[in-house]
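Here chain A shows up in two complexes: once beside chain B, once beside chain C.
Right after this comes the complex of A and B.
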């Protein structure tokens, strides 16, 4: 029983599944990271993904074109980010409260819209929507093992990898990235050095909204091919958790997101085997986030503490 | 002379410069804006928006049992709001009430289906105690990790919500379940565990009075006691609280414990009055999360939170009444109202210009006198 599950862990299909599943978590993690780089904790990723997933399907349905759907999702991601900045920067509200409120009623708003358009409160299954395609990379697809893994993924997955590389270069190798990180490290010092902190923070929040929205449209236009209630199921929060674990280290951000995806994939394999209790198996990804986050913070705590002791 | 003075003091009490009056005015205007936006939404979706609006606002008053439904259903939400209010007052972003509700629901169920006692008074009390102790202990975990190791309590508590939901579903299915109802629900509660109605038409139970008592006690604790002062201080200015010798660690643990106890209480009130069995994937889902919104609506004030809970449940009942005649408006529209009000009242600068202008004018008038 267990051996049959374990044997599926080392197949090509499992690695492909991890690549597929890590995409939305990576997008969410990038969103959390880019906002955090200028010192903003964007915890509204989950709700932006929900909004974008729904509007993505609707845009694709209305214009019979999946690319328009993606644009719809991006627009709603940017609008949500602007809504947050409007309330927190212009009206002086606590950004955390605004974002918690957004997350809490995102599902209700999505259901309201869904019901108006489809007459159904659960999914967009009744709408026939064009979806985004997979992409076979010309030469790589013929390489035996590598081709099977790298080729034939969804287009947004390739975009995700591209963004990972580009964002790394922008944040760590360009003046703009340096300025953004300066805002995150010490906003007052950055301001003294003549950096327009507020403008960079708005920019990073918009970028964060864009990445989160890409994660959302990936779910509804690539991965599951419909919008369904509660489909984001904590993947946005996994991105936020990955950012918390990484603590400013870019590659451990990417690694944590992939690890969370591995646990999601494991959970799905276990739940397809009736010998394991589905209720508990379904909680594996969340449990992995909880354990990893807690262990990392405990290790950091003792590292700092020991450092202090040595200083004395 | 005295008359003049009295007049002046009355004027200053009612004037916009009084922060309490300003808050009330701001709340009113926020509600009006939210209702106006709701009306616009209704115009888009409903064929008869004016009627729909009137039904949402007055529908629950049309029949006694509608008001009864509001009174019965708002109680657990009010408890969830109180729990969130305590945590938010202390500046703790522990969002774990949702999971505590669902898991302590399983505890209530375990006690309610076991013939531990034949007394119809003692049995519900045991259910309550079980849920309260359990909730109080479990709620501490994220706050402990945050206070001791600096772990992100928001992410931890959200992950725990999903974990607790999984555990509750597993426990109910495996140990408390019955093959009836698709295997997802528990056995029926024993008659002794149920809380009877004191006044059937309005569905008033002892839980109603429990809520009032808890609200008053919590209000007094938060506003008048040493602990409440420390909690609010830690929430508004954590560094000052630390320098004045308040132990942030102890405070985090005690606020989490209070919130957990309140959540457990809320779960018990819901299950022992509104249902006869427990379905973890349905019965208590969403109450803990709604509590956070209610706490923001009530501005962390226990009495405000209870009023907010009643108001929101009233509006939901209004949409339910509307649904009988007009199926184009689902109850989720209440979330839109709620969201707009929350965003506006938590905006410090909203109406600030208006207030400043009034203050300036008043100051000039006074000067002229």
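Right after this comes the complex of A and C.
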């Protein structure tokens, strides 16, 4: 019983599952990271993913085109980001409160809209929606093992890894990225160097909205192929947590997101085996976030105490 | 011959809350001169510089740079025309390298990427040209304060600044580093740069400047050639009256019958196995000021901590405040038996910056009957007490509800002194009471200390400023290496260079002579 579960851990399918499951968490983590780079804590990732997942399906249904659905999702991600900047920067509200409000009502609003359109309070299963496809990479797909792992993934997964590389170059190799990081590390210093801090913060929040939205539409148009209530289920928060663990280190960010995906994959394998209580097994990924965050904080505490970490 | 680079014409700044920071300031700066702008804390120097650098906009009046009237929207505009500023609080990103800090905002590029090689080359060349001795690839977080300041200066030079404003640049430097900075400033001058030097250290201003402009209370008091101005005239211009150096004439000599405000016997304390206080014994009598002189780090701080109970420190020996032994009494207990304390670091230990002045004025005696009602604080009484203190101590503020953070350093210190003064304590520790504040406020604080002394309080004055110790004290002890190295029963008859010998450990008195500190 346990051995059958363990044996599935070492199959090709398991690795493929990790790649699939890491995509939304990576998008969420990138969103949290890019906002944090200019000094903004975007904790609305979860709600943006929910909004985008739903509007993505609706856009795809209305225009009978999955790409239009993705665009719909992106637009809602950008609008939400702009909403946050409008309230916090123009009207002077506390950005965190706005984001908490968004998170609190995201699920209910999604269900409300869903019910208005489909008459169903749970999923968009009644709508026939075109979805995004997987992609077989020529040549690579014929390589044994590597082909099985790399080829045949969802298109948004490939986009995700492309963004990971491009974003790294932008943040660490270009003037724009250096200025963004400067805003996050010392806004006053950036300002006296003639940088328009607020403008870069708005830009980074918009990017954050875009990445989170991609995570959302990935879930509804690629991975699960429908919108169902509560489908984001904390993956946005895992991205935020990954960003917290990485503490500004880009590749730790990617690694943390993937580790969370591993725990998600493990939990799903265990829950398919009826010998384990599903609720308990379902808690594994969330519990892993808790444990990893705790360990990282303890390690950091002692590193700071021993003076090994320099000021930022 | 001389060419005006910057001209201020009737520049006025009124803040939205009605505070007038600058009124009708006229000033001219010539190319290639070192021009100091001096004034007390809160006189309006910083506001003026912010307007020149484009951080603030003048309410009226014009600023003309190189013959053109400026309308800066941000410091970016000022930087573009060639004005640079080295801020008092450094504007650096510690986790960035020196290169990244310098090029930030003006990055050399190759295609869409930052050209890191070119950037490093340019920065290194710049550093070498001005003899800054920096390895520009180093992280700023690894640098000393003096080096960080060099990075700030390089930032302005990288942006081709012709006019460089330095806001209190020496406040963070040692004397040797200050010398080095001055050499560099002179070199900049030779290269044709114009330097605006902001400071309230008058010796330095006299040493470095070609011209000196004085601001008092937001109003310009004129520009003078350094060579035509004596120190006395300069002080007079800054505070608007002559400064009393001799505090003796304010002292009265009532007899307090040798009553002792503080007695310290055989105080001994070790840190890491080394004694930081070694058999220290002395007494402070009522109605006198006992000065503790010494180079910083010779046990003065530990001494104060033992007496105040500010830090839980293990020591042996006895401490009596107003005749009562303190044992392991907490700070409240010590204050209750008659101790008042002006701490060294006013922003950390002296005030709660985010609270209003009124709260800070009562924070050490808020339990006192006259302001503490039965259940709630008596806000009327508090208002009365604080308004009175603000008036008598001439704290520059609109009202008592302003937060302490918005005050200038000198005024914050006045709040601290006013509060401790109002405790009517018999024993006061004044630790660096005028450190880093302007001369006008410093003089005021000195007068208040003398006033307390005359009223019968015993004051322990711990100061790194030798002039302050000599001017105020009745008796003086010198600390060296955790011990009392010298005792001077008559502060009026000490020779400063002689004191210096004891401070540096070149001389030491016999145990008998030192014993006078306790027994006289």
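Basically, the second predicted complex is superposed on the first by the 307 of 312 C-alpha atoms of A that agree within 3 Å, B and C clash if a C-alpha of one lies under 4 Å from a C-alpha of the other, contacts with A are read in each partner's own complex, and residues count from 1 in each chain.
The rule we apply is simple: a contact is a pair of C-beta atoms (placed from the backbone, for glycine too) under 8 Å apart; a residue touches a chain by one contact, two chains touch by 3 or more.
Computed from a predicted model, the values in this text were never measured in an experiment.
Novice: Putting chain B and chain C onto chain A via the overlay, clash or fit?
Specialist: Here the two partners, once superposed via chain A, fit next to each other without clashing.
Novice: In the superposed arrangement, which partner chain does A:134 touch: chain B (first), chain C (second), both, or neither?
Specialist: In the superposition, A:134 touches no partner, neither chain B nor chain C.
Novice: Between the C-alpha centres of chain B and chain C, what angle is found at the C-alpha centre of chain A, to the nearest 10 degrees?
Specialist: 70
Novice: Considering only the touch criterion stated at the top, classify A:7 as touching first (chain B), second (chain C), both, or neither.
Specialist: In the superposed model, A:7 contacts neither chain B nor chain C.
Novice: Comparing chain C with chain B, which touches more residues belonging to chain A?
Specialist: B
Novice: Looking at the overlay, what does A:277 touch: chain B (first), chain C (second), both, or neither?
Specialist: First partner only, chain B.
Novice: May I ask you to decide whether A:108 touches chain B, chain C, both, or neither, giving the answer as first, second, both or neither?
Specialist: first
Novice: Between chain B and chain C, whom does A:94 touch in the aligned arrangement: first, second, both, or neither?
Specialist: first
Novice: Compute the least Cα distance separating chain B from chain C in the superposition and give it as a whole number of Å.
Specialist: Result, nearest C-alpha distance in the overlay: 5 Å.
Novice: Under the stated contact criterion, what part of chain A meets chain B in this complex?
Specialist: Chain A residues touching chain B: 43, 87, 90-94, 96-98, 100-102, 104-105, 108-109, 111-112, 115-116, 121, 234, 237, 240-241, 244, 277, 279-280, 282-283, 286-287, 289-290, 293-294, 297-298, 300-301.
Novice: Okay, in this complex, where on chain B does chain A touch?
Specialist: Residues in contact with chain A: 45, 93, 95, 145, 148-152, 154-156, 158-160, 162-163, 165-167, 169-170, 173-174, 289-290, 292-293, 296, 328, 330, 332-336, 338-339, 342-343, 346-350, 352.
Novice: Given the complex with chain A, which residues does chain C contribute to the contact?
Specialist: Within the complex, chain C touches chain A at residues 74-76, 79-80, 85, 87, 91-96, 100-101, 104-107, 109, 112-114, 139, 141-142, 155.
Novice: Quick check: in the complex, which residue numbers of chain A touch chain C?
Specialist: 169, 173-175, 178-179, 182, 185-186, 188-195, 310-312
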